[in-house]
Amino acid sequence: MSGALLVAKGVTKRFGGFVALGGVDLSVGAGERVGLIGPNGSGKSTLVNCIAGTVRGGGSIEFDGHDLAPLPPHRRIRLGIARSFQIPRPFASMTVLDNLRIPLLYAARAHPLLQRSRGRETEEALSILRQVGLEAKAGRLSRELTQVDMRKLELARAIASHPKLLVADEALAGLSASEVDEILAILLEMKGRGVAVILIEHMMRAVLRFSERIAVLVVGRKIADGPAETVLRDPAVERAYLGQ
Amino acid sequence: MSGPLFANALVSGLLLAGFYAAVSVGISIAFGMLDVVNIAHPAFIILGSYAASIANASMGADPIVTAVALSPAFFALGLLLYRFYHATFERRGREPLRGLAFFFGILFVTEVALILAFGVDYRSVTARYIGTTWRLGTVDLPLRLFVPFVVSVAMTLSLQVFLSRTFFGRAVLAVGQDQLALQLMGVDPVRIKQIAFGISIATAGVAGALLVIIQPVQPSLGREYIGLVFAIPVLGGMGSIAGTLAGAAILGVATSFTATFFGPSWAPAVSFGLLLFALAFRPSGLFGR
Amino acid sequence: MKTSSFTAIALCTALLVAGTTSALVTNDYFFSASYTVLQFVVLATAWNILGGFTGYVNFGSAAFFALGAYSSIVLDKLFEAPITLSILSGTAVAALVGLGMGYLTLRLRGVFFAIATLAFAEVLFTFVVNWDYVGGARGAYVVLQGRPPLGFRSFVQFLFAIMALMAAGAVAIARFVQTSTLGLGLAAIRDDEVAAECSGVPTLRLKLVSTTVSGGLMGMAGATFPYFLSYVEPHGVFSLSYAVNSIAMPLIGGMYDWAGPVIGALLLGGLQQVLQVNVSADWNLFLVGALLVVFVTIAPHGIMGWTFRRGRRARPT
């Protein structure tokens, strides 16, 4: 696919003797919505970590024309790769608002370190909080939030970095049906901003509703990649994933 | 470098290494296996020295007999300390660094409490073997070092057997790696950890009795051992008893050679320097895991 | 309040206090006790920039303090350097070592970093004990000669005034760090280093800034120490009580705010000065250790935390 935003080729990662990723290719176009599925331990989270830079693996990953290999995570997010964590990781001692000021000051613009920010980013933070429905809780300590609000904060923090690609690692796990709808609505809105999204999820209903394309990982290998209907009818996928 | 000098430095280094194993095996368990950074470990070693010395002075008890007799008490102390640590710091999850500050405070308080109770004078023990030295050709074998060596190696090896051969031992090894698996096996990880931590403190008590056989002891001596007790497990690769023995051998011989050829005042730099080196360049230990 | 006006107010307060007490108080003990308390204000504030703001525990405060003290001794032996130059060089040396130390060890987990600082202090101690030029284990004399400068009645008064200025400067720097974008980044590192890095915070660089500033300020506090005591020996300068105090004071005051270590140092430092005279030095140290254990157990956010929690809201930054 030419002009793709993210092009990962032959990504590998071993932990000791265990092969977590055995050469995975994945490409994502600008503004595309991709669902990434696979059984537990199939390497989905490891792939996310390799893209975000928190784990170093083999193979090559290019983003927006840049080779990612030499870049630490904080440089990758400045290029436009934002991620949310499977288990929310808020900055616990800070307010919800300050949680957003971090990516706004450090990723979205390069604010001089030795200056006190003049608070211009606060307005934008509040507007992002409004979109995800957390505005009323801007002044709360982030560790006091409920589970679903923490998920929203994860996404809000990712949005605040002005991403071109958002990798949402199991953003829906453990939520009730109505909560899933709330989070999905936020993710679907990303299209309007031209942001591509990789959604990693177990819940088929949500993946089908969300994805324009689905990629399937099984034991560290990609066994299928394409439109939802074709992928789900693929016998290899049925055997390895749905059949179990 | 003369032959006999070299041989003597090597032998006393190996003897020292045996003793070092006793000093650091507790940290291999607590830090390497349980992930409890008990920086106060040396304080418990000094407590063991004082107990042995007091029993020796008042009843003429042999320090090793005292150490064995008191090890249940040290075990119980460790058990209680871990319970407290778990309830206050570990269970709440966040900020393991506060736990570190807690143990640092315990180290300091124990040291000052010993000073307040017994003063800063050096304490020692008497036993028949302490003045005796066997001679093997040109090599001296002072029993003052040899007896602690034997006791220490025996203790370390039996711990190794215990940890690798028993169900409990395997649970201890698993507790640092896969708590979920333990729970599926119906084992309570907290219970395992508190018993293992008790064992760790019990080894500190024994090591203390060995220390006071080797040299006179005063309260602040403990902190000289902080570098040593952490350097050995780090050098040997965290959480492996065999690695601990190897790390102890390296440090013992290195310290002995430094003291012989550069003077004893440089000896402390060896353990701490090696620790710094290991942390900076080889944090997974010389032998890895 | 803007940083520049806060700094100006802090420095003016220090000058005013130094000036009025010099005019009114004649007892030199007052100045020597106050010097010691203010020295702890600098040490606790410096420790807190790395320990409280960034979340990395440094057990080697004494080593950085000693670097400052011994660089003054070396300069004095070389050419009887003026005290201002000694302060500058002590700060610079300790800052450089802080940077190097950070570079070697900050890629490690926090726990290993803490152990490394402890080991570093012992290695440095061994070197000083074996370094004859600075007196080895016997120690060294540094005697201020002539009349005290700037019309002060005694050298202790003069040193007290200098320490008051350094304390004001250190507090202003800590407050500046905390309220700048840098401080927000440091707090993110303390809360969750991986999440911070993934939010665009260049964590390694920020941690290095933190160890450098923290180490430099500790060196600054140590640089005037030889002049204050006239005689310095390794066991005194490397005393573990510096490490314990510089951890206990921020913990007791509160580690998330620049004011915490100041409150802790004034309270605990003042209390120790009283106890030192009336009870004994050993009970004194026992108290510090016991307070450290008690506070870390039952009041992990220190005295500042009490007001903090009641408000249920984080302070606006």
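So that you can tell them apart, the chains are marked A, B and C in the order they are listed, and the count of residues begins at 1 in each.
Methods note: a contact is a pair of C-beta atoms (placed from the backbone, for glycine too) under 8 Å apart; a residue touches a chain by one contact, two chains touch by 3 or more.
Small disclaimer: the values here were computed from a predicted structure and weren't measured.
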Quiz item: Which chain's C-alpha centroid is most distant from that of chain C?
Solution: A
Quiz item: Can you name the chain whose C-alpha mean lies closest to the mean of all the C-alpha atoms?
Solution: C
Quiz item: Counting in whole Å, what is the centre-to-centre distance of chain A and chain C, each centre being its mean C-alpha position?
Solution: 42
Self-check item: Centroid distance [mean C-alpha coordinates] between chain C and chain B, Å
Solution: 32
Quiz item: For chain A and chain B, what's the span in angstrom between their mean Cα positions?
Solution: 46
Quiz item: At which residue positions does chain A touch at least two other chains?
Solution: 92
Practice problem: Report the residues of chain C in contact with chain A in the complex, numbered from low to high. | Solution: 3, 179-182, 184-185, 187-188, 190-192, 194-204, 206, 209, 256, 312-314, 317
Quiz prompt | Complex interface listing, chain C residues touching chain B | solution = 55-57, 59, 104-105, 108, 110-112, 114-116, 118-120, 122-123, 125-127, 129-130, 137, 240, 243-244, 247-248, 251, 282-283, 285-286, 288-290, 292-293, 296-297, 300
Quiz item: Which of the residues in chain A end up touching chain C in this complex?
Solution: 52, 54, 72-74, 77-78, 82-83, 85, 89-95, 98, 101-103, 105-108, 111-117, 139-141, 157, 161
Practice problem: Note which residues of chain B are touching chain C in the complex, please. | Solution: 37, 39, 88, 95-98, 100-102, 104-106, 108-109, 112-113, 115-116, 220, 223-224, 226-227, 230-231, 234, 263, 265-266, 268-269, 272-273, 275-276, 279-280, 283
